[in-house]
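Order as written gives the chain letters A, B and C; numbering starts at 1 within each chain.
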């Protein structure tokens, strides 16, 4: 059900809900190293790595999945053979539904803080990556899925999906560094309005405001990303990297300086009674939708 | 005479000039609380407040009128029933012509400083307002009228009017916080050029550069604003407010830190002989135009 | 050969290479005051100065040429009769190919540092100039040519040329202040991508992203610049200047604070073995291309 994915924004393990299995036990089974939720391949000929998210039902970003992604991002950064990274999804119709809401609902505080720190690290690695990064957005990409997309160097998207920082629609607020990347991508005015309204842009609207760079048919997204990558890999690597890291440095340093403050802010905000109640109702609504 | 309004930029009490009545006595008769210059209504069913400026001939912003507006803005912010604010004009063909030039010409220094402080407060309240704010721009909107418009969350405008920060055309300079809001709305390049040239954008040009968000026929402006407001009021209020205030906070804090400095700068600048002479000539030209 | 100019980015004295004359001796013959490489005229009736670059083959910016330009810029700023400045080229098909690479290849360190300081001064004078400045871009305008163009107040360009900060393509990195002006002109996203890719935009693409403001046929570029200038000169000069300098001040102050640091950074970067090797190969390739 597409609309469900679209309006969810933050991901959750729907299947768990349907089977009445306790959420915490099942959703977190993908331990780092198991490798079942991430396909990661480097083409030794082209030097292009493809990181393909494969965590049904909606590539929700929980602690373990983020940890796996971080390990993959480090591999890319440290492997001299690896010149560029394409991020895509193995699942139909969804790129990533973003943060796993079950991480935020009735959380263990230590785990909650670790979850947020791991998300911060993922973003710092991805936005600051010296390698060329391209998002091959072959499905819906709300909230954290949008963050991953706009943290790449280039975005190619299939038609008829949606992308955006829609946190506000769920009654929560995107952290300042999500907002900063959005601002860097589409400017202050579009960011301010989209944040307030929690706008999910359709593919063509996203292209129109510059949130994505190119639209190609669903079946061509990955190949188009590889072709685009070849264009970027022709540029002298050292100069390209320096241009990139210099441009993005102030935005990244802003978070690095405030990491602990940001974790504390998130922890205090998300554990407020009103927010917990709102998240609970949201999880319940997803559950009922599926019955 | 439409052109007259357009090129004026800053408002002045034309009628006074026509009747040769001393400017200071007549233009400042609208005392706070008299309520005749502002229609302010809250629809208890929808929670939408409409603030309609009704200070002939051109809704010029003098000390008393700004004070009235500030009282209304505080009412909106403090009234829990009130969820959104629409600002519009009761006068034909003019939204607001901006600051009342008679406040600046041969001024009493204490009043001049109080005038500027009240303008600062109006902007801090409006730009930082937690409620949704929509400008229903049903007439020309130069200078201070443009500031009020771009300080709202959304702008709907009728065709064939003009809007812009045209201060430069009058030989004066828009203060830094006018410029900052313009920059937030249309970016550095458009702002820099428009400020230098004192550009008044026609409705369709304003839409084109993103200075306004929507164009509807004159008679539909207010209703379109109400419809738009409904869209914004569907968003969870707390998260929307926080998104808004976080995005606008740096811009507002910049003025708050420099309020006194900015007042002093304005006072010293506007009382320069050259500027006074220029304002005097301008007032004279308006007077002659009307004879 | 147009393509040659386009892909060069940084200028070099091709003729020298063709004749196997030592580069250093020939390329630096244009001593300040000789006046042969700059046509500089002020129309006493209109107050419009035209600075026309005439340093074959490609208006490369070396120490002497930059010094001449700086002298001209100071004349404009200090001459009360002079109200506006148009910068253009006397050479066919090239506005300016940018920095003279021979200044950077196997350099004398003192001269290298003086070269960079003179470039900084040129930019500080041009970007901060109180007079109206218009670039009449009647030929290709890569790298330093692009910097000069985007440091003016307005850009008019002939069709079928290219403009952009293409440093990355040569394996070098545009300094932060080049990037800042680009950012001020076309925003973060376009700048970041163009810098990484070293994009040279065709005239119509440049218009599309706002890197230039107007396109007119080759033979009309200068006249169009004069007409545009008249529009700007109608604005009260003092207010226009103040609007301009206030908007550009933070960008200029950033460099002024870091001038020596920036010189040291450039010196250390450009004298790296890898960069020297890369510049050498590039000079060689230009030489071979011409044989």
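Going forward, contacts are C-beta pairs under 8 Å (C-beta built on N, C-alpha and C of every residue); 3 or more make two chains touch, one makes a residue touch a chain.
For clarity, every value in this text was computed on a predicted model and none was experimentally measured.
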Practice prompt. Once you've mapped the touching chain pairs, tell me: line, ring, star, complete or other?
Written response: complete
Worksheet item: What's the call on chain A versus chain C, same or different interface residues, using the half cut on shared numbers?
Response: different
Discussion item. Centroid of chain A to centroid of chain C, CA atoms only: how many Å?
Written reply: 40
Worksheet item: Which chain B residues sit where two or more other chains touch them?
Response: 187
Discussion item. So in the complex, the part of chain C that touches chain A is made up of which residues?
Written reply: 167-174, 176, 179, 187-189, 191-193, 195-198, 274, 278
Fill in: Contact footprint of chain A on chain B as seen in their complex
153-154, 183-187, 210, 231-232, 235-236, 238-240, 242-244, 246-248
